[in-house]
Each structure stands twice: as structure tokens, then as C-alpha cells.
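You will see two complexes here that share chain A, one where it goes with chain B and one where it goes with chain C.
Up next, the complex of A and B:
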């Protein structure tokens, strides 16, 4: 059974016709994991925040997101608060900004236990210490009383994990949990996240633009470009044989250890510019190396093909991959 | 912590020394003198006065004498109020200004806090723009307009409160002057707190707190209030010093024997010692309240606490 079913989730700025997130649909099974990848500005973070009603208040959210059968879009704060932190944990990027600098980290871990479980202060702080231990923070008892600025970047991100996991949620949404950290700490956190998934029986939604993480942490991958999902498939096959030109370009843009240091880092030419987007043609057309006449005429439909589901005229007109269902 | 406090207070001494020195010589550099009036004094009388107040001594001598007396807590004789020491004049007026100022300060904090919090938490609904516009008016209208309007409405038209005066047995004397002093502050504090709270609620760490499912009560009373009140506290340092030393306008309109009038009168009359006394008092309060602000910042923000 699906844990989370997102159906045509759209997020719009009032008065702007092209949505920031446009009819995003996916399903996540209990225990499953899905990576959402795409460039900055593709709407990854926004879509995930909207699942918990955390988007900016002026944005309009439409569509549906059902978690354990319970609708999350358009419901009141009380309903959302029962899910937030309790059943869905959220780890934000950049823990140096996302932890409250005025409060000791123990309180920031313990507070959701007090709110959702009705735990006493003492019991909640004890559990906070166990959680810090679980995210492999050394001397957790001493850390509880410390403030975020007294901890290292990696430790702050571990605190974020501990706080998000305090109430043993079924689903963890992690928004670029390893950016802004050095490579060694990134490695440790990835290992930690993999172990936490196992130990806490977590489903995982991982927002990242680090394609290296994708194959390691998530069974499924969803590629988002300019608010549109471009390709969805099993991470293994998607990384090995990407179908969509955008996914292919993303994979080509990965720096390689064997490249000469003097060669410029590979990049997708052009930039994602919202002002140039047009809902009547393919969103990727300006930067696509394989664009055809059709791409300018109409936006390709979402098609479920053999290896993955994708949105590309190349894969509907050429007959190379016919729709499976 | 204690050594920090001591160091801060000691560092106030040179600040106040520079303040006194500058004020002393600037006052003397200003044209005119304490005994200039509409009628010119007979030369013998002027010579006698000059001698009496040691104004015939060289300026550096007068300056050193003043510092010497200051070290003993003596601010010298007033030039304008014959037979009074400056310490006596300030000693009589300060309690009046302190009473008015502290009442106005308390009222500003209470009402400014409530209005600011309500406006921030109702952001986007009708009450926020309403309060924001009212407080804009409050910030913009100077108290020489507000004070007479209050008198006109509550004393003349309605007859509820006395129009002025200062009697020990009539506490209602305080009501209108306190309101006149407090209104701009209420408006200012309300605006600072509203913006502070809205900014705090928009921080990434408040988003984290919301993602934990905390109720609004905890979001505000645990996560947002500290960053929200910091700008208010910064403002309160100098504002409190200003309120407690009185306002010349409010004292004039309501006929109150407070400190505020001395600042203006003494400067106009070239009452050198009284000007110095008033400036020294104001400077001391500014230094003191800025010190309190620093202590509060340290108490609220753990990043500013040094081990």
C-alpha cells in the first residue's frame, strides 16, 4: 500500500500563470525511497514543503497529497500539526540556519516529544540524549545543553536528524542534508542516513542535486525541471540509461575524478530562466541538444515507457519506446 | 560576567569625561554670557558677578576647578537660579521626571508590546494594516501637537482630567502628561515589535519549528520572541534615557517642574553649570541604559555570551 500519494500537486504564485510546481504526481510505498533531483529553482524544496503546508502563505497549492489516506493539501493547521514531526519528519538544508540559535539543542530535539507524545520534560530530554547517541554524536549528554553555534556543521546536521526522528515518523523528508558540508562529513551523514532508514524503518524523500547520493540512498528517482517532472524510474536504470535528454544532461554534468583538472567542469548550457518558460512547449526546449520541431509546438505528454516514465517528444514520436499502458 | 560588567562601567568614565570637556568648551565658545540681558548691567555689578563666579579666572583654571568639584559630586552654582546649586535643582526636578518617565515607559512597553504582537500575528488580516497605520500616525505626530490636543479633549471639552499642574495629592495630574510622553513610544515600540516578530517568524529556524508540529503558542513564546524583541531592546536604551530626563514640550504644556525644561532654558541663558549638569546626567543615563541593553542582549542571545 502506498504511504504517500501525490496527485497533480501544483503551486502557483497568484497572478502568475505558469505554476512553480506543475501537476507533480508520484507515489511512495511504505518503506520506499524516492530521490527528487533537479537544478536549483526546479521546485524540489517548494513541493516538499508544500506537503506539510510549510510554503510561503501567499502561494496557492492545488491538487492532492494523501499520507496514509489522509489529505494534506488544503487542510487546517491543526490537522497538519498532528502529522508534522509526528508522522513526517523534515530535515532542512543548512542546519546552521535551520536550528534556532537562541535555544539549546536538547530542547529543540525534545520539544516535539513533549508536544506529540505528551512526554514529561525529563523523559523528553532523556530520549533526546538517546537520539543524539543514535545519530552518533559523541558525549550526547553534554551536547544537550549546548547551543547550535557551539557545534560543528556536521554535528548540527546530526541534531537536525535527531530532532526530525524524535517521534519515530514513518516518513523522513530530507532537503539536501549534506550540502555545505565537507566531503568526509558528507560521507558520514550518508552512511548515517542509510542506517537510520534501516533502524527506524523509514520511508525517505530525498531532495538533492548530488546524483552520487541518489543511487546509494533511493530506489526511485524523480527528475524535476522548472516545476515539471521529466522522468521517473528506478534509480539504478535511470542512472545507467537515462531516457530524457535533461536527465542525460544532468548525468553528463557530473564532475569526474579522471578528468584533467584543467578541463572546465561539465555543465548544461544555458540557465533555468522562469521568464522564458512557456507552458505550451517543452520547458527544456531552450537548452535541449535533441530538440525537434514538435518540442516547440506542444508540451510533451507524460508517458509510461519501458524503462521509466517520462515527458519527451523524442520518446513518443520516434517509436523507440512505446507507451506500456 | 562580573568582570565584563566592571570593565564596561569603567569604560564609561572616559566617555563621560570627553562629554563634559566638549560641553564645557562648546558652551564657552558660544557667544553671549550668563549675565547678558535686555538691560546692560552697570560695570561694577558685572565685575562683581564675574568675580563671584570666578569667570575672571583663565578658562583652563575654571575647567580644572569644575573637574575638581565634579570629583566631589559638586556641579557648582547655577548662574540663573541665584543661591541654588545645580545638584539641588536637579535633585528637585529629577524625581518628577523619573515618576513621569517610568510611568510612560511602562505604559509604552505594555501597549506597544500588545499592539505589535497582535499586528504581527494577524498579519494580512484587517487589523494589521489598521494598527500599522494608527502607529504610523503615532510615530509621525510630534508631542507638541499631541499634548495640546489631549488637553483640549480631556481637560477642556470633557473635563475629565486636569489641564496641567503638579500636586502631590492629585495623582490625576500625571495621566495626560504620561499619555503624551508615551504615545509616540507606544507607536514606535509596536512597529518595531511587529516587524521583529514577522521577521522572526519568517526565519528558516521557525520553519523547522513549524515542521515539528508545534502549536502557534510555542512558536511565538519559545522560538520567535527572543529575536523579535532584540530591536525593541536596542531602541529602549536611548529611549528610556530620554523619557526619564523629561521632555521640555510636555513639561511646558502641562506646567510640570521636571528636568526637561532645564536642558533648553539653561542653554539659552548660558547657565554653564546647569547645562553641564543636565548633559552629564543625560550622558550617564545613556551609558547606563546602553550597558543594560548589552546585558539583556547577552542574556537573550547565547552567541554573545563569552565563556
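Up next, the complex of A and C:
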């Protein structure tokens, strides 16, 4: 049974023909986990925010996203508010920006309990303390009364997790939850996130460009480029044997422990420039090392192949290509 | 440093206004039939600031006038603060067409000759103290609304507001619980700037004989100005207190504003 079914979700700027997010489709099973990867500007965060009605008001969102069978796209604020915070938790990248600097953290965790569960103030604060304990904040009782600036970066991010999980949501959307932290704290938070998934029976949608996290936290991976999904597959096989040239390039651009430190990382040439994109050919064409004549002629269709589903002419033309292995 | 000095002087004035009538044997509107009329300041009958042409003690009257002037100042500032913050925060948070509409309405109100408006109100409904509060406050909220709206536009784009929305909080709750606390600094500074402005308006109205039908610094200055050739002290004392209070309040507000600007610069 699918918890979240996103079907051809498109986000367009009125007057601009090429959508920012173009017909994004995926399904997430209850208890499952999906990572959405892609470089900056690929539309990962935007798509997730649009799921919850948080996109800028001038953008147009089309398509459908059903959460537990309930439509989320195009419904009113009241309907969304019943889902947001209560059934779907959201963690932003930088907790120092997403916590209100003028309110004690306890209040910010307890608030959604009071709103969604009708909990009394005292009960909500008690629960907030338990939640802080669950995200492994030391001396949680003391922390509740503190303001965000009094906490360390890692602790603030834990507070964000506590706030997002307050109402025991079924789904947690984490938008680069560890990017703003240093490596050791990152490690702790990844462990915490994995444990929280188990303890809270959470489904996880992880937006990231840290491919190391993907393998650890998510069973499924979706690769997004310029608003178009390029490849979807099980994380294990996708990371080991990427099919799409873009996924391959992304994986090559990771630093390796065994390579000589002086070897420059193989970066993907060029940059994602929306102005040069064209809906009539492959979005990745200008930067692809394996581009062919067909790539310029038409955008490849979405095709379910053996190892993963992907959008590439190389794989539609020759059937079972296994490049990258 | 300047802030401390200004605040202690203000405190002294407030204490004087509150406590002076207790120190003097006379009441606000009491006529001292035994003492000299239009007397210069004297210790003889405990008329430390002299008496006016009706024989009323100016020491007590200056304090009583101060009470009313400060009260009008504080209450009207609170009224304008309440309306201005509510209106500005709503307009700024709603944004888009609602914001435009609400702020154009403010522009239209700005265009009204507001002093004239207050005068008409006072003439139509009588010179009630309550009406004075409302009239001045209701006119002064426009500036507050603009300032608050501008700040809210900035706050609205901050991530923690998105986080609050994603937490499923209603718009009303977000405005009250998450936007308004973040406005405190700017609102305090702006209220401090409004306070002397409101006191001046009240004094001006009283000077024209349009204030509330009771003693205020403006009314005393008006009385004093009529007789300033004969009894200059009847103008001097109320004017001195009024001027000093306005100056000090402006100094405090300016200091607060500077501190806010400096604080914003460092963070």
C-alpha cells in the first residue's frame, strides 16, 4: 500500500514554457524510504515544498500528489494544515534559520501538539521533553526553556527533528538535514535519523546531494536533473551500477578514499543553465559525455529497464545496455 | 550614557507629576481665596510656582496637567500600536493583492487632513477624554502600520515562518505567535517615537481649546500665554515641563533607534 503517490507533478512559472519541475512521478510505500538527489537548482526542494503547498504563490502546480489517498495539490490551506505537521513532518537544511529566534525551543516543539492534538500546555511541554530525549539531547528539561541561539548547530537540528516528529507523523521529509553541519555531527545525526525511522515507524523522503547518505538511509533513489527525473531505482544497485550518464557522472564526482589526493575530481563539465534547456531534446545533452545524435532530436521517453527506470536514449535504442558496470 | 541620563530625568518628571499634588496643600482646581491672585512664585502661601489669575496654585496644576498629558500620550500610543501592529502584520503576511489593497487604504487615510478630522470629531461628539484617546490613536496608527507591514514582509520570507506553516499552524496563529514577537524591537522604537508626537498633538489641541475639557500641559500653556505679559511664570512652568518632556522622550527614542540599528548591524 503506497503512502505517498506523486503523479506527474509539474511546477511552472506562468509565461515560461519549460516547467521548473516536469512531470515528477514516484510512489513511496508505507515504511519505505526514497532519496531525491540532484545538483542545486534541479528542483528537489521546490517539488517537496509544493507537495505541502509551500511554493511561492506565483508558481503554478499541476498534477497530483496523494498522501494516504488524500489529494494534496490544489487543496485549501485548512486541508493542508490537517496534514502538515500532523501526518507529514518536515526538516529544513539549516535549523538556525528555521527556528524562531524569539521563542524558546520547547514552545516550538510543543506548539504543533497543542494545535493538532489539542494537548494542554503542560502535557505538550512534557511530551516535548520526551521528544528531546528521543533525539538524544542531553538535559532535555533544561533545554526546553532555552532559545535557539543558546544551542549548538547540531542541537538545533535535533530540536527540528523533535518538532517535526512531535505529532508522530507517518512521513518525514528531510531537506538536506545534515548539510549545514560538520562531519562528526553529521555522522551522529545520520545515526539518529536511522534510529528514529525505526522507533517512529517513519517513511522517509530525503533530499540530498550527499550520495553517501543515500546508500545508508534510503532503499530507493530518484535522480533529478533540471526538474526532470532521470533515473529511479533501488539505492543499492543504482549506486553500484548507475545506468544513466548523469547518475554515473554524479557518482564519479565523489571523492575516493583510494585515489591519489592530487587527482582532481572528475566534475561534470558545464553548469545547469535553465536558459539553455529545451523541452524538445534531452535536458542533459550539453553536459553529457555519451550524447548521441538522437539526444538532440527528441527528449528520451521514461522507460522501465531491468535495473532501474530511466530516461536516456542510450538505453531505449539498444535495449539492455549495461554501461557503467 | 545619554540614554540613562534622559531616562532618569524622565523618571523625575513622572515622579513629580504623580507626587507633587500630595506635597502641596492645594488641589488641582482649588482657588486659594486667602492667597494673592496672579502671584509670582512665593514660599509664603506654599505657591512654589505662583498662582494664576483665578488664584489657583500653579505647582499643583502643572503636575495635574502633566498627568493628563502623559496619560493621553501613553494610552493613545497604545491604541495606535494595537491597531497598527494588527493591521500591518496582517497586510504584510497576507501579501499580494490583499496587502496592496490594505496599504492603499492607508494611503487614502494619509491624504485626509487628520488634524481637521480630530477637530471635527471633538466638535461632533464633545470633548470627552476617551474620544481624545481614540481620535489621536486612530489617526496615528498609519505610520505604525507601514513600519510593521514592511518588517513583516521581510519576516514572511524567513525560513522559520515556512517551518511554522509546514508544522500545520493556521495563519492567525503564525501571525500572533511567530510574527509579532519578532516585531518587538522595531515596535518599541516606533512607539517611543510616537509618544512625544502624541503628547504634542494633545497639547496643540488643548492650546486651541479643543482638547479634553480638563487640565493638560497644552491647556496650561494656553492659559499662560494669554497672561504672559502680566504673569510670565504661568506660561513658563507648564511650557518648561512640556518642552523638557518632549525633548527627553525624543532623545530616548533616538537612542533606542540607534541601538537597534547598531544591533542589526552586528548580527
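Quick note on the criterion: the second predicted complex is superposed on the first by the 320 of 325 C-alpha atoms of A that agree within 3 Å, B and C clash if a C-alpha of one lies under 4 Å from a C-alpha of the other, contacts with A are read in each partner's own complex, and residues count from 1 in each chain.
Definition applied: contacts are C-beta pairs under 8 Å (C-beta built on N, C-alpha and C of every residue); 3 or more make two chains touch, one makes a residue touch a chain.
What you are looking at is a predicted structure, and each value in this text was computed from that prediction instead of being measured.
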item	value
Partners on chain A (chain B, chain C) - clash or fit	clash
Partner chain(s) touched by A:118 [first = chain B, second = chain C, both, neither]	neither
Partner chain in contact with A:81 - chain B first, chain C second, else both or neither	both
Contacts of A:103 with chain B and chain C, given as first, second, both or neither	both
First (chain B), second (chain C), both or neither touched by A:52	both
Which of chain B and chain C A:147 touches, first, second, both or neither	first
Chain B versus chain C as contact partner of A:264, first or second or both or neither	neither
Location of chain C clashes with chain B - one stretch out of 38-46, 56-64 or 146-154	146-154
Residues of chain A at both interfaces, chain B in one complex, chain C in the other	49, 52, 54, 57, 77, 80-86, 90, 92, 94, 97-103, 111-112, 115-116, 160, 163-164
Complex contacts: residues of chain C adjacent to chain A	95-96, 158-160, 162-171, 173, 177-178, 181-182, 184
Touch list for chain A against partner chain B, complex	49, 52, 54, 57, 77, 80-86, 89-90, 92, 94, 97-104, 107-108, 111-112, 115-116, 147, 149, 160, 163-164
Partner chain C, residues of chain A touching it in the complex	49, 52, 54, 57, 77, 80-86, 90, 92, 94, 97-103, 111-112, 115-116, 160, 163-164
Chain B residues within the chain A interface of the complex	124, 203-216, 218, 222-223, 226-227, 300-303
